[in-house]
Amino acid sequence: MIESAGMEPVLSVRNLHTRFHTEDGIVHAVGGVSFDLLPGKVLGIVGESGSGKSVTALSIMKLVVSPPGEVTADAITLEGEDILGIDEVRARRIRGSRIAMVFQDPMKSLNPVLTIGRQLTEALREHLGLSDRAARDRAIELLDRVGIPMARDRLGDYPHQFSGGMRQRVMIAIALSCNPSVLIADEATTALDVTIQAQIIDLVKRLTEDLGTAVIWISHDLGVVAGICDSVAVMYAGRIVESGPVRDLFHRPSHGYTLGLLGSTPRLDDDEERRLQPIDGLPPSLLDPVPLCPFLPRCRHAVGACREKPPAWRDVADVHGTRCWADLTPYWRATNG
Amino acid sequence: MATNESKLSTARVSRRAFNKGVASATGAGLALGSGIAPAFAQGKRELIYGMWGGAVGNLSPVIRHDNQAGILIYNIFDGLVRPNYAKGTIEPWMAEGWTNPDPLTWRVKIREGVKWQKGYGELTAADVAYTFQVHFDTKSWQVNTSYPQVESFKTDGKYVFEVKLKQPFGAFPGITIGYGGMIIPESAHREMGNDTFSLNPVGNGPYMLESVIGSEVILAKNPDYWRPGLPHMDRVVVRSFPDASVRLQSLLKGEVDFLTHPDNKDVPEVAANPDFVTHSTPGWNWDYQHFNLSANQDMAYHDKLVRQAISYAIDREAIKNEIYHGQATETDNSIPPGFLGHRESLLKYPKNGDLAKAKELMAQAGVAGYEVEVMCSDKDWLRRELELVAAMVSQIGINYKIRNLDIGTFNNLWINNHEDFQQMLEDITIVAPDPHATVFWFLHSEGSVSSGYSNSEVDELLENAMATSDPATRAGYYHKVVDQTLEDCSLIYHVNANFTRVHSKGLEGFEPAPQEYIERMDEIRWKA
Amino acid sequence: MNTLAYLARRIVQIPVVLIVTTLTIFIVVRATPGDPVELMLGMQTSPDAVQAVREKFHLDKPLYQQYLIWLGDVIRGDLGSSIRLNRPVSQMLGERLIVSLQLATAAMLFALLISIPLGIVAAIWRNTWVDYGATGYMVLGFSIPNFALALILIYVFAVELDWFPISGIGSSTSRGGGVWAFVSPFILPAVALGTVQTAYFGRLLRSSMIDVLGQDYIRTAHAKGLKPAVVIAVHALKNAMIPFVTMVAIHFGYMIGIQITIEYIFAIPGMGLAVLTAVVNRDFPVVQGFTLVIAIFFLVTNIIADVLYTFLDPRIRY
Amino acid sequence: MSTPPLHIGAGDPSAPPAYRGGAFLACQQFMRNHAALAGFFILLLLGFAAVLAPWISPYDPTALKLSEKLLPPSFSHWMGTDYFGRDVMTRIVWGGRVSLSVAFLVVFYSLLVGVPIGLVSGFVGGRLDNALMRMMDAFLTFPPLLLAVAIVGLLGPDLENVVIALGIVQIPVFARIVRGSTLSAREEVYIVAARALGASAARVVFSGILRNIVSPIVVQITIVFAGAIIAEASLSFLGLGSQPPDPSWGRDLSEARRYMGDAPWLIIGPILACMLCVLSINFVGDGLRDSLDPRSWRAKTTGGSTPRVPEQVTP
């Protein structure tokens, strides 16, 4: 469990479970996730696709439709308010104003038949009750901030008249329009090419620092996570298997899966002959989760304990914990690496 | 035998009719859903007439028109003569009288002081001559129907019209100046021309044409009609209802005040309905099976014994009850009641047919059975009748292969090229109240609608009947003709269908006519 | 600008299509056995009576010449006159086209009134009993012949309950009376005629709504915290409407062609019945004149449908 | 030192995932759709009833028995008798022969002509496409019932002409749908790839494009099939449909309208038959459309991909 270091977390999640009742049985997409998000900080959530990253975000945003979905947790508190049991009307008031989200594919995330201006000012009018005039000005200001040239006369344009990168900027403008305290970016840069990725990452860092917005950055790309996040949580098969400060985690990986991830990511400062070691096998079936460590079948560093009892959470450093029996210290690297 | 279901509806109808009656009497006749225009102060003077069939055609007496248009023309124009159905005679009308100085000359005295509508002057003999001339100039259908015997014609003074005939013609009053007696105003026709005249005809009858929009024709009262105080109605709105049962339901709902041609099935029920008056008069028409004797020589029906067998196999009473629901009279000859020369409806063939005799005749003819194509037009009750008849004749081995055609194809095969059909079932409305109009055209070998049947003796009898004008001798001739047809069976007659009209209880002044295309609306009025 | 170019190209093509249509109808009707004049003149026609009328309507000339004469007249705006009714075709058209359009509009309004909510509801609560109920009703509407439905409607609503009149469209009473007198005769025919369209439109809107609701931008709209009604009405519907409106426009073009049975039952002076009587009586000028107008109407509505498509969907600029 | 892959809780690991052809998966998917299954069996039933009519019908559909006129539904006459005393149920079974055969032939002919035209004009494009489409437009502008009247008038009222009359109007409908799908399919990468591999135009069209536009065609087949049954009924209502004595739903329906007050079962019988037939066709159509779409095939959990979170998670 990541304990907050003194500051009051803006968002804290305790034991979040999300299940889907499908014809083939109950899919445990998220199997007990807990974390805290500190104000102004960026928490990365990393993992393969299907590991429950996006479902976790959608569960927090209360966007999972039930049935077939079913979201349970001990507590989800946003700015001190428990948003677990609130009704749909209250949830709707929070979405977009207190907590906002940016999605992966900018090409499809904007409504093709509505103008950019309309999609920008909607949230403003809904949550802040701004008049059309005021909303327009705010929208132009937002577009300027996210770096869209000639914002004033682009309001009337349609999404298909914007490039991928520009659209993602608009998405960010929309998300930050009501100055939310938490921004969730679900694979926000995955669909963009590398140069644009870097611009978007800088944009998010700059804006969140100015506005003091806390960010949950969901990605499967360790490089991006390293660039933007303060701390990281590694998810596998619906559970957080390791979390801690980003530098700590990269240099002192303490879970077989984290090690495997790092092993399969090329690094600039690698010497040539280091061969990448892919993780073989397939992610486990989420139908009937096994009490043992879910990564066991694919883990290279499994020890006897792994096969007998489920790994308990243990702290490796003051804010860095893992759920793995193996002692992976031999694989740690010097911090200056 | 009205089932309780219909009693229920009757009760409901009467209450609704009662409300409507009260409302209209007090001039506030806008009942929900009833189409009656608000009544006038001094009682209603408007009638809505539910017409059968589709839209009404042209309304000029000098251009071929269909039966529906005939009804309207009959109320826009008054003819030279008028049939008296009760006495079965021809009465003077626009013609005050006519004399027959010699067998080939007829002089007709025109009534004086009759005005044309819309100020086109007075009706004179010149108009009559002009009308005949238009028929001959435009080679209209009447030349062959009503004026085949006319040699020449001229006016003698302002009010006398003289006609010279090629040969003596006893039926001159009934046909030449009867069916052919609708006169048009020379001044109006010359001014408008033939086509425009047919769109806004100018007549001398009780009603003027006000408008024709879509399938609705509005007739307005002719202010200077030659019979003072008539007609009682200011407006007659004629609306076409193609579907018979819907037409009747519109009457029951009060959307229509008067209709003709209801579905025969509903006649007994509506007759029992106290809010409506039903007239079901024996009509001057008949259903008949027609054999194409001018072609298909190899077909068995060319043997008259087979035809007699078919006539014996027909249960005419079943046709009357199952198809016409009692609204018809069985008959086996072509002269219906009310015609000169009528003796009995059924002279030779029993009402329920005689299957044994039919089989015997088939054996005599040495015919075990055969298949024949029988065509029928698009009249739904005739199609049902053909299915019934087919079942009857199948009992003596004859298989009627039914071919129901649309009216265009049907008439084309029957009227115009005579080769391509074997047998058919049709009904025919007789145009003039004289046996000549029915018997001659169908049975004379040169008759316009002959089926290839030629019997010199019958031809001679027909020509004699046409030539004499003494009714008794003409009747005698027609009796012999009928006896011969009963023997030859070139046509097998089934029934004379009744002509039915139904109107709301509040109306009076109707005079039921046995002819489909005559509807006298000059004396119709709403009861006070 | 290319929308106008596309429009121009489509409009230029209309005459070509019309010529093909009218030529085919011309040949089919002319080839049907039965000569209109003989049919009209009936039994006791004298040969020269027939000849007189044939000359009047150019029927004595060879077929291609007749077509060219007719085409020439049409270009000059003269549709000739009916052989059977002896009335100018254009006059008959004038009266009946309005009635047919009124009936088509009434039926379309009814269909939209029922199918749009049904389609949306069936899409939102898909695969629940709401969806099955709505789809079941729509398919029912699809599978009952409109004349059978008309008869049942008349029997129940006009005869037994006496809520609506049976006839009266295009009649003096409806013109003369108040609004209700004008509207009421349209209700039952509109329901009878519109029910089939309800099924088509409902199913189409349901499937296009389901597609749209699955799109990412709907999820974005929800993430923005917009009211569900706004998400459905603005975001989803505007997208789902694009194929829907096109289909509605095309079906409106069909409307006149399939009204015959309803006109027959409700005694409506529309175009269908007039053309049917004309075909049966081989009244060539009427058949050609009316089919020409029906074809023009169909093509125009098709083009409107395409233009609507560009107007509604900003991504497509032809 | 890699540990052997251990399938935990994923069913019997030893059964190799047998390769199952698309057809099998389509059937599997179709079986899941209960409505489609029900529709399919009803259609089968109607088909058998129509084919076996002479042997299974208790009464002769055309023999008149005036003594038993207008009897209400009873044990001996499940749907009562009509105005000539004929058993309504028998006439519906026999009527099915006419209506179903007309509908089947209409679909067959319009498919036979419409699909190739659509394929050619969609695939070839350019001036040929424009010409073909304008011709199709011309066909589409014919008022359907009027064309039927003219053709039945021209060729006579027997069944074949009714089929031709109704079929002609449906040809452009198929042509336009097939053209639309071909146009979009032609742009798909896999088609371009096939052509890049040197596949002949014919192979590309018939194996590539045709297979992928089967589902819109199937949906249209059900609509045209249902439409044909109703059109035959409308034609009979206008007096132009099939010839007596063989019964047809349309003609019985129009004859029955006169007895709606006294004998309502006369009108209910044909309507129910019509609706049952069209409903089952539509359910089968929907079922086929879903099952023919590979995306919707889901392999059972033995082998195959892990069961994923359902596609549509958000409201």
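First chain written, first letter: the chains are A, B, C and D, and each begins at residue 1.
In this section, a contact is a pair of C-beta atoms (placed from the backbone, for glycine too) under 8 Å apart; a residue touches a chain by one contact, two chains touch by 3 or more.
Keep in mind the model is a prediction, meaning the values are calculated, not measured.
J.: Out of curiosity, which chains are bumping into both chain B and chain D?
T.: Output, common partners of chain B and chain D: C.
J.: State which chain is most central when centres are taken as means of Cα atoms.
T.: Answer by centroid distance: C.
J.: Identify the chain pair joined by the greatest number of C-beta pairs in contact.
T.: B-C
J.: CA centre of chain A versus CA centre of chain D: separation in Å?
T.: The answer is 49 Å.
J.: Mind checking the centre-to-centre distance between chain C and chain D? Centres are C-alpha means, answer in whole Å.
T.: Going by mean C-alpha positions, chain C sits 24 Å from chain D.
J.: For chain A versus chain C, what separation do you get between their C-alpha means, in angstrom?
T.: Going by mean C-alpha positions, chain A sits 55 Å from chain C.
J.: Where the CA atoms of chain B average out and where those of chain C average out, how many Å apart are those spots?
T.: 37
J.: Which residues does chain D have that touch at least 2 chains other than itself?
T.: Chain D, residues with two or more chain partners: 149, 153, 254, 257, 260-261, 312, 314-315.
J.: Give the residues of chain B touching no fewer than two other chains, as numbers and ranges.
T.: Correct list: 9, 378, 406, 408-409.
J.: Multi-chain contacts in chain C: which residues touch at least two other chains?
T.: 32-34, 219, 222, 264, 279-280
J.: What part of chain C is in contact with chain D in the complex they form?
T.: Chain C reaches chain D through residues 13, 16-18, 20-21, 24-25, 28-29, 31-34, 132, 139-140, 142-148, 151-152, 155, 213-214, 218-219, 222, 228, 256-258, 260-261, 264, 272, 275-276, 279-280, 287, 291, 294-295, 298-299, 302.
J.: Give every residue of chain B touching chain C within the complex, in rising order.
T.: Those residues of chain B that touch chain C are 9, 16, 30, 32-37, 48, 54-58, 60, 63-64, 66, 138-141, 143-145, 195, 198-199, 212-216, 218, 237, 239-243, 246-247, 249-250, 252-253, 255-256, 378, 406-409, 411-413, 415-416, 441, 448-449.
J.: Considering only the defined contacts, which chain D positions touch chain C in the complex?
T.: So the residues of chain D touching chain C come out as 35, 130, 134-135, 137-138, 140-147, 149-151, 153-154, 226, 230, 233-234, 237-238, 250, 253-254, 257, 260-261, 267, 270-271, 274-275, 277-279, 282-283, 311-312, 314-315.
J.: Quick one: in the complex, what on chain C touches chain B?
T.: Going through chain C, the ones touching chain B are 32-35, 38-46, 48-49, 51-52, 81, 84-87, 95-96, 99, 154, 158-160, 162-168, 170-174, 176-177, 180-181, 184, 264-267, 269, 273-274, 277, 279-282.
J.: In their shared complex, at which residues does chain B touch chain D?
T.: Touching chain D from chain B are residues 3, 5-6, 9, 244-245, 263, 265, 318, 322, 378, 380, 383-384, 386-388, 390-391, 402-406, 408-409.
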